[in-house]
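First chain written, first letter: the chains are A, B and C, and each begins at residue 1.
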Amino acid sequence: MLDLVQNTVDGIAAGAAYALLAIGFTLIFGVMRRLNIAFGPSIMVGVFLGAWVHAQWSAGLVGAAVATFIGALIASAYIERLSFAAIRGDAALASMASSFALWMQLEQGVALAFPGRTTAFPGLPALPDLETAGLFLRGDDIMILAVAGIVLIALHRLIYHSHFGLEMRALADNPEAARVAQVNTKRVAFLTFCLAATVGAVAGVLIAAADGQISPKFGLWATLKGLIAMMIGGLGSLRGALLGGLVLGVVEAQAQWYLGAAAREIIVYGLLFVCLILLPAGLAGVRDTGAARKL
Amino acid sequence: MDPFLISVLSNIGLFSFLALSAWLLLIGGEISFGQQAYFAFGAYGGGIATAVWGWPFPLALLWGAGLGAGVGALVAWPAARLSGVHYAIATLAFAELTRASLNVFRYQRDVDGYLTGPDGANGFGDIRWVYETGIAPGTYLALIAGLLFAVITAIALASRFNLLAQLRMVGEDPILAGMQGLRVLRWKVGAAAAAGAIAGLGGGLYAHLATYVEPAQFSVMTGVHAVAYGLIGGLGTALGPILGVLIDIGLLESLRALAAYRMIVFGGLVALILILRPRGILDESLVAKVRAWARR
Amino acid sequence: MLKIRDVQTSYGKIAALKGVSLDIEDGGLTSLLGPNGAGKTTLIWTIAGILKAQAGSMKINGEDILGLKAHQIVSKGIVTVPENRLVFPEMSVTDNLIAGAFSRHRDKGGIESDLEDVLTRFPRLRERADQLAGTLSGGEQQMLAVGRALMARPKILLMDEPSTGLAPIIVEEIFEIIGRLRDEGRTIFLVEQNAHMALKYADRFFLLEQGKVTFSGTPGEVDEKEVLERAYLGARKAG
């Protein structure tokens, strides 16, 4: 019983990072109605830039984090310009294929620039571990939860209580109406990409710092986690992305503990498949908007 | 023929099965990131058939294709309600489920004193058929080419009998297609079965050429590549996905000096092509123009 | 010919049709008018078998068709020209027309001659026969959609707001075509927002408001002004 609760606690910390990744995907999909499958790799570029900056100038976590943001932003802007803005409105498939092509570019670019299986990334500041009632909360996990929580609150304020957030929601709801209402759709789309990159960069820094190292496999890994969390929670819903991320984290932790790594994969993918077949609207129960059809 | 060239052409041929499989679903209106699962079923199924059960090779290939078709249809039936991203991720989930399951799938039997069969993550080796028959690489390439040609011919026949056009209608607008009297669910499941069979056939051929397969080979990246080939080469014709494979692997070989930068070059090329031709190089409008010109 | 009684169709918890009853008689144009959101498209989709009615009955010549799937409805001779999804954009004009005849795909000779007839009826389509349908103008796409429906040799044509998004001159052209079809003795069920044009060509009409039929008549007999008002704005509240 204690294991169950401990795993849940551990899982929520990991899930918080997944939730951020899922939110990044959701922001882009919600506003552009297209899937940016190069999202994970763009964050990967960021964390590698962070690692490099740290290696060059001993910049520490803060320096690495700043560099991560910059790297993720540049990579995202690159993808947005080439795969999304440049491709005409109804060609969602082309955008997806193009973002995949850029993923290949980014992954090889990073692998060339950083030969070697892993690269060091500065660790999280050492917070004391917390122990109460036989439950153990690692200092790293506390850090992740705290930072993720702050980001989520800030994001909520931005999306629901700011003018830009209103423009984003308008664009996500009905692009034609938004255009008519004087929303500069191209600018909002671009800025949404940047916002997604920022949120993703936070996730990237947290994960990389918690691990102390990164590898070029990060691109695929982050993409899969983000997509799975987004779909479990419900495509197009930010609440769903959060819920999906947490559920994924907890399920993974439980499965890993009781059944091992191989079984964990089977359970996660099996869960995802069943979820999609039985609950296409996801756990958050968002109605499958017509948006999904356009892809 | 130069053995290296034979090897490259064999690769192109095998990947073409996978690309055609994904393409067929694309024109039926569904993006599948998971055709590699049926490729795996074909590889493992066909490999087990010859190496462990001692079946004749043609039967093993048929078995692999049949497995691909059966599983493909089975997956498509509940998934047919989904569309767009949902369908894509569902197929990805199933493919990863397959891969993760193969990592723990052990089925080994004593064959002529050797323990033969899949051994989970350690892979499945000793698919010895090519050694036992002593078939030359050039001959095997001819076999691959012949079967690929047969598949393309079958698709061309389907086109001749208006079957492909009906699938395209279902793909473009299922509701409108339903209004014309098409049975949308049947088409979706049928297309998935056919696509699964094509992938399974390719998988069987692959396993016997490589003589060793392991779960890691049937990854998400392989699957997304398969879809990308059709999107790049063009959705207008079955030659489109094959063109996509040619461009990727052909580029790899012709840029030997820049081999390290191949993905960077390929990726950039693809992104540019898609800006100009969002439905690929051999897209529907080009094919329509060619058909109109040929009719003259 | 097509009798619809007390049909109820809901989207989840939202009841769109709350008991619709009307008759579509053989020959001539029956029009369904009504303000936006009244449920006109829902009714068409219910008849066409795309949506399933929760209650009521639909009979064509005494035969029950409620609950039949879309392709079965087509085989009964009820063909739909939907709103807003007129053509298969990546297929040529000719292929789009041939697509309309898939329900009778064995009748090769018949399909060839029908294709000729349609292309003769719509010379603009003959000009563009090999072009991709997505490149046609709005009016041409509407014509193509009508032509495609004709290829199915329909007993009843269901048309959903053919005037949508078209310039007034094109709307007149389209309605002229519809009028000619009516004069040839075809049975047409026309759902329209453009009540003025519909009333010009209709033999009889029904008014749908909030999921129910509230009014019916023939254009000659009624006060057109009142009908138009209710069609566009909904019934005026008492007082």
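What we mean here is this: a residue touches a chain if its C-beta (ideal position, glycine included) is under 8 Å from a C-beta of that chain, and two chains touch if they have at least 3 such contacts.
If you're wondering where the values come from, they're calculated on a predicted model, not measured in any experiment.
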Contact distance in steps, from chain A to chain C: 2
Pair of chains whose C-beta contact count is the highest in the structure: A-B
Euclidean distance of C-alpha centroids - chain A vs chain C, Å: 47
Gap in Å, rounded to a whole number, between the CA centres of chain C and chain B: 42
Centroid distance [mean C-alpha coordinates] between chain B and chain A, Å: 30
Residues within chain A bordering two or more other chains: none
In chain B, residues with contacts to at least two other chains: 279
Chain C contact footprint on chain B (complex, rising order): 162, 165-166, 168-169, 172-173, 175-176, 178-183, 279, 284-285, 288-289, 291-292, 295
Chain C residues within the chain B interface of the complex: 48-50, 69-71, 74-75, 79-80, 82, 85, 88-92, 95, 98-100, 102-103, 105, 130-132, 148, 152
Complex interface listing, chain A residues touching chain B: 29, 35, 37, 82-83, 86-88, 91, 93-98, 100-105, 107-109, 112, 220, 224, 227-228, 231, 235, 262-263, 265-266, 269-270, 272-273, 276-277, 280, 288, 292-295
Residue numbers on chain B that touch chain A, as the complex places them: 26, 31, 78-79, 81-86, 88-90, 92-94, 96-97, 100-101, 103-104, 121, 220-221, 224, 227-228, 231-232, 260-264, 266-271, 274-275, 278-279
